[in-house]
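As structure tokens, here come the structures.
Below, chain A partners chain B and then partners chain C, in two separate complexes.
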Partner chain A sequence: MTADPQLSKVSTIPVGPLHVALEEPMYFRIDVDGEDVTGVDINAGHVHRGVEYLTMKRTMTQNVVLTERICSLCSNSHPETFVMAAEVIAGITIPDRAAYLRVVAAEVKRVASHLFNVAILAHLTGYEMLFMHVMQVREVAQDLKETVFGNRMDLAAMCIGGVRYNLDAEMTAYMLGALDKLEPEVQSIIKTYKTNGSILRRTRGVGVIAKDEAIAVGCVGPVARAAGIDYDVRVVAPYAAYDKLRVPVPVMKDGDVWSRAMVRLYEVAHSIQILRECLKDMPGGAINLGERPDIPAGRAVAKCEAPRGELIYYLKTNGEEIPERVKWRVPSFMNWDALHFMFKGAKIADIAIIVNSIDPCVSCTER
Partner chain B sequence: MTTRLPTDIEARLAAAAPGGIEFSSEKNTFGVTIAWCGLAQAADLAGVAKLLVDVGARLSMISGLQPPAPPEAEEEEEEDEAEESDDAVKAEPEEKPAPTTFGGTALDGTTYEINYHFDVGGDTLTVVAYAPHEGSVPSLTPYFRPASWPEREIMEMYAVTFDGHPDPRRLFIDQSIDKAVLERLIPYSTLVNAASTKDLWDRVLAGKGGNS
Partner chain C sequence: MTSQIATLLAVLLFPGGLFALVLGLALKGADRRVAARLQGRVGPPLIQPFFDLIKLGFKRTMVPTEASETVFLAAPLVGSVAMLISAALIPIAGVYAPDTELGNLLVLLYLLAVPGICLMLAGSASGSPYGAIGFSREMALMLAYEGPIVLIVAAVGMRTGMAEGHWVTFSLTEIVRYQQVHGWFLFDPIMWPAVAAFAFFYPANLGIVPFDIPEAETEVLEGPLLEYSGPALGLFKVMSALKAVVVLGLGIALFLPLPFTGPLAFVGWLVEIVVLMLVGVTALRVSAGRMRIDQAFVFFLKWPLLLAIASVAAVALAAGGAS
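What follows is the complex of A and B.
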């Protein structure tokens, strides 16, 4: 075949920043040869808001509120990790009950976050019935959040030294009832994603990342676990009450879109078990220190397993009310780079499905 | 996967960083090790990075910051000490040493402190390097692919560069905006390009056939 530059089939197409299939703005310059993706350049910065600068103008207590507003789906993980860092500096051990209540808040958010992502996958494959069904099941978790915490997204559960909410017998009974409602629905959703032809055809073998590539990129969370990396912060670096709870870590080896969806679905089922265990073993006692502790000068690193993976905070204080530096890195920040591998040999039609499969959070990434 | 931070890490870090290290480490109540390692010379970063690749570390995050100069209160302390000391007369002619970071970079509020947070099977090791204003440190991107975005981000936030970064473009902030954005206040109206002046308002009124 003669290579005539005039007839070159390679061209560059823009996807985003505003695209019907992407929930948030991110701009991809994609090189295509016919239907095949040959290269990608990621251009970020459309929702950069300067939140990091703002945290250095706010007091520690105000930052507990501010960090919760960085993201929506993993909103609880931000203040959770921020207060953990502050507690390391101040040498605070939180009450046992507070540790369990932190787990409850985190796992409820995980259920809602994962179900949302898996629902969007159904939407992108054009299976709207399944999309609506999963969203309806997720609504049980949303109702639970609204009933227990008073909000559907921001739980306002964390404070330095413990938590800001409590559970009484009536609320615990309500939660157990909601979990009983959720569990069979989640099991049936798992069965659907395992067997349904429409889902399998669009997701098996699509957007593959190998284990060594995932390690090189530094993937975290379900993206890493779907590629065979057995890493979950709740297990390798426990915090709150996770050392006392059984936390199964689902690991798959294919590294494709389907594996990532399945890891999330299995984690939803596991989270329901963890929540039940928490409610059963919930110790009594105080839920926080009862006062606003002073944070001395110091530095600390804290991390937790947010729904999308490892979330890490660095905090430096100088004994004043306003921290000297607050820095955090969200799981999505690491996983964007994985797209360079996942897009290799992908079709144009799969771009949105692959992007969604890393469960990207742009607001989190750019801050 | 469950390889933790090796127990002899301090000795190995010291060997990898001939400029000198300032190491501390502790285990929290969950048995997770949190270690810190200050580097006297930022040039030692490359050697430390090679060691950490061998250890199987994952680069988790890089935090840049610009620590403020120590507060004035320190001067008083020094005066007190000088009065008490018998060598006060002898010490007085000497110039008061300017505060420095570990390794001797002047700590005058313009210096940068760059923290590299590594994860080793759940344990955290933070390597700290210092760079002067408009200075540079070696890029770790050749050793750790995940260093790329954080280094690009720090380069647009502060007046510091990473030598040898394979792709030193802006990450989030447009090329048209001056560098070191984190060092100055940018009003929100400018940030979102919605700044308005009285001239504009006058033009609007004039356009309406305005009687002001």
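What follows is the complex of A and C.
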């Protein structure tokens, strides 16, 4: 670490592990020449908690609770994919109503997660009023979660064989009301991010990743879609009730920070539509199997579209209560490498904005 | 002897010194409170900056081992003293006119550059890489905005000086007196480019969004201030509070001094400075995002410099046309 005020010399600055611009501990060693970034070294491992090991010490039912605690922003996607893997091994088909309810939980989480990321982008550009506004709009989604599920972050919606919550007529009416409140606000936020000079001059053409580079490093989720890759697990390999729903996939081609933010905002708008469709078409019937199913010996892979992209679970059981091996590959792990491409030609001021644009979930990645 | 005592009182008590400090901290408090309300937050109490300052006064100043101790500790002191003297150089229309012994507009221009230079010194002396980045950013920004302010002041000085029969004046008192008789420069179309250029200058000088680049919290963690703590950090807060009073007071003296005398003039000046703070600083800083240093530099070389040159040219042409 050298502190050299001379502009022409290359110096190294540490960003992280604790840095106001990073939501979670990450460590970047950045070589700078004046204001230009010339090299990046990304280090991980600050929030390793040994969750993967813990899953092999818990029963299948306990693991549904444990996987929900891997990460707060995709706290619904982890147990959802875990129970999907377990259901493949046990050969369980979940009731129709449960499939729709799973979509409802996933899309509500997606709305909150994407709005959070887009709000942080405004905060990082120093645009505090927009940050507070988007967070206030997100609060509608948070209230919705608290009212329907009883929690603001961990929904506790999933169980093997179905879901653990139900919607009555009153709750459905409340949700529709909340969506009506949310939709015009989201549309106005989209307009703001499309036209506001403060946002555009800091995000257009910043942190660009080309389509072929994105394919080479295996980008997933909004990062891939912003670079022109039309890939969404909800469409490519539908699970839950997604095969019965219309899921639009927004794809942009610039691959810069702005495109990623816009993809997220469009997905929020689409999620609201999907939620409406779900609530309208919701079939009646049971919400789960009613009893705790036995999971036989076997192996399975399941995947779902978490807010950050494709989340894959591998589960191996030996017929006992405790799984033999659980392993997951999170979307942030795939998008992590893309940072090397995005930092090319970046300025010091762009570092935080670029890191935030892949919406890194460090506690998922390092578990 | 009496004039020296009066000057000393002007620097230490009113309108510099204690008065400017209390006013500056109160302005900061109002700024934070109103900014919070604009963002839908409750915000801290109005006297929070006073609490902050008192708390910092009781803490210990840590000097990093890599820092150059003398420069590190002297920088905030020099900056605050420069601002104390500057505050005594700002006339309050109908209430206070600075002693010509103390200095004129040119001295004020030099003193206004001192806080920026002190921040640069602080950043480079702190031994922190973020301080070094803050140093280079502050320097780039100063290079960008110092040119326009000199031209703005020259334009105002020429406008007054030519009207009064000599070429140019560097006495703020004279500029204020001229406007008290002939009306605000704010409403003088020939001065509009200068007003516009000043509107770009003061956010950069006060270091607020969109030009808070050297201290950008989410990028360089407050840059030069990162390693400061205790009374030394408190002195920087004092410097920044005094600077708000000086820069806004300069703006009032240059473009909109009130034509009153006595208590009414004083109350009117206070109202003006509070309105300028809330409309010009608070509303601006919550409703814009930060620029990148390269964008800000190009921006300043383009618009404010152009406007400032235009204002000098307009004043010269107007005078040429009149004679």
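Going forward, the second predicted complex is superposed on the first by the 359 of 367 C-alpha atoms of A that agree within 3 Å, B and C clash if a C-alpha of one lies under 4 Å from a C-alpha of the other, contacts with A are read in each partner's own complex, and residues count from 1 in each chain.
Note that in this section contacts are C-beta pairs under 8 Å (C-beta built on N, C-alpha and C of every residue); 3 or more make two chains touch, one makes a residue touch a chain.
Note that the structure is predicted; figures quoted are calculated from it, not measured.
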item	value
Combined model on chain A where chain B meets chain C, clash or fit	fit
Partner chain(s) touched by A:329 [first = chain B, second = chain C, both, neither]	first
Which of chain B and chain C A:35 touches, first, second, both or neither	second
Contacts of A:116 with chain B and chain C, given as first, second, both or neither	neither
Inter-centroid angle chain B-chain A-chain C after superposition on A [Cα, multiple of 10°]	130
Partner chain in contact with A:13 - chain B first, chain C second, else both or neither	second
Chain B versus chain C as contact partner of A:198, first or second or both or neither	second
First, second, both or neither for A:343, with chain B first and chain C second	neither
Minimum Cα separation, chain C to chain B, after superposition on A (Å)	26
Complex contacts: residues of chain C adjacent to chain A	35, 38-41, 66, 123-124, 126-133, 135-137, 209-210, 212-213, 216-221, 286-295
Residue ranges of chain A touching chain B (in the complex, touch as defined)	44-45, 48, 50, 52-53, 88, 93, 215-218, 229-231, 233, 235-239, 243, 299-301, 303, 310, 312, 314, 316, 318, 324-325, 327-329, 333-334, 336-337, 366
Chain C partner contacts - residues on chain A that touch it in the complex	1-5, 7, 11-14, 19-21, 32, 34-35, 122-133, 136, 196, 198-199, 201-202, 347-352
Residues of chain B defined as touching chain A within the complex	1-2, 28-30, 32, 34, 36, 58-61, 63-65, 67-68, 115, 117, 119, 121-124, 126, 144-146, 148-150, 170-174, 181-182, 186, 191
